[in-house]
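Take this structure, written in structure tokens, and hold onto it; I'll ask about it next.
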Amino acid sequence: MLFSSLAKFMRIEHEQVEVRTNGKGTYEITDEIQAKIDKCGVRNGTVTVFVQHTSCSVVIMENADPTARHDVEEFFNRLVPEDADYFTHGSEGSDDMPSHIRMVLTRTSETVPIIDGRMQLGTWQGLFLFEHRRAPHRRKVLITVTGE
Amino acid sequence: MLFSSLAKFMRIEHEQVEVRTNGKGTYEITDEIQAKIDKCGVRNGTVTVFVQHTSCSVVIMENADPTARHDVEEFFNRLVPEDADYFTHGSEGSDDMPSHIRMVLTRTSETVPIIDGRMQLGTWQGLFLFEHRRAPHRRKVLITVTGE
Amino acid sequence: MLFSSLAKFMRIEHEQVEVRTNGKGTYEITDEIQAKIDKCGVRNGTVTVFVQHTSCSVVIMENADPTARHDVEEFFNRLVPEDADYFTHGSEGSDDMPSHIRMVLTRTSETVPIIDGRMQLGTWQGLFLFEHRRAPHRRKVLITVTGE
């Protein structure tokens, strides 16, 4: 009896997802993250989704209507212009410095509760990688599942 | 002896709070969150406070002087105007698209350490639901307590 | 055998770091945080870095080139001006109200996965305290390590 009880004790597991991006924009990763949670078998806990970069973000956004994400992207294009005359860091191109600012204004990670094996996202919530660079990139997303 | 030792092992519990909002603004939820931690009985750990929506946020803010929150709200009203001519998503009214942008600029969740059963907020920190819509809403906030 | 197995069970530990700041700007704290993880001895888990203030932030940023952080700081100086005519909260000086807004736009905490005892920051990521006040301050940063 003790043994079966121990089997339900808390544990922590890490998984990795690679996201291929093809320019500025939002890329939904909800299903990939849920698949990693299924693989871990944790039924009750949390997942932390962490991006190992400084020029893209992980953000929960509206996932029903693509026009909402288009407008979010357009807002950030206008808020953080590429040609600000006070920028001193520009060795990697005009979209480099804005990408670091956009990351600071958004998030490097999101943490989502897990109940009955499912991420508890609201009806309209999806998990997105928000790419801030123009060139194609392979982005590393680290997924940490904590629970029982 | 083993049994009593096991009783202190880590666990994870979820609670829910419904927050009724009555228009744009900040609504303090610190006491409701602490009450749920008290109910769980966790003395040492963390709490993650997660809002299941894309048009309101959860943010730790100054809780001593209401003028500070007034100015934060006014800043966001000016940073994300309701009548931007480039918005394409507006089916739910002029405060709809700005609400999604304001959520991306702030936070979907906050994680706070718990020591001796209390959230370790600083002297001036409070937990707030930041409502971005004008109409009254019932907002679902999920609370995950991890610890022993 | 049972005993040695139990020794690997999940635990949660808190540590504190004090960061002395000397005016607006970014102060790297990556090494101090890693040293606290080393002290806890957790090899596999997460660390949450939480700042107990409402006028500075904790943010993961580019740590290779100081010009990138300079430009981030300059962007925030322009986005949140000190002399906005609609501010009503100003009892502590002209940099007081902007500091609360800058905190809401950035983060109160960051959570980073730990594998093999090391924070899994990407090549260019560093953990920074982002000070928003001009006067020198002693900032309290709470570090919560969860894992085995």
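Which chain is which? They are A, B and C, in the order written, and residues in each are numbered from 1.
The criterion applied here is as follows: contacts are C-beta pairs under 8 Å (C-beta built on N, C-alpha and C of every residue); 3 or more make two chains touch, one makes a residue touch a chain.
Predicted, not measured: the structure shown is a model, and the values here were computed from it.
Taken as a graph of touching chains, this assembly is fully connected, with contact between every pair of chains. Of all residue numbers seen at the subunit A-subunit B contact, under half occur in both copies; the interface is built from largely non-matching residues.
Relative orientation of subunit B and subunit C, expressed as the C-alpha superposition rotation angle, is 120° to the nearest 5. Remark: subunit A and subunit B have CA centroids separated by 19 Å (rounded to whole angstrom).
In subunit B, the residues that reach two or more other chains under the touch definition are 9-10, 79, 105, 107, 111, 146. For subunit A in complex with subunit C, the touching residues are 6, 9-12, 14, 48, 50-54, 79-80, 84, 86-89, 91, 97, 100-101, 103-105, 107-109, 111, 140, 142, 144, 146.
Considering their complex, residues 5, 9-10, 44-46, 59-62, 65, 67-68, 70-72, 74-75, 78-79, 105-107, 110-113, 115, 120-125, 146-148 of subunit B touch subunit C.
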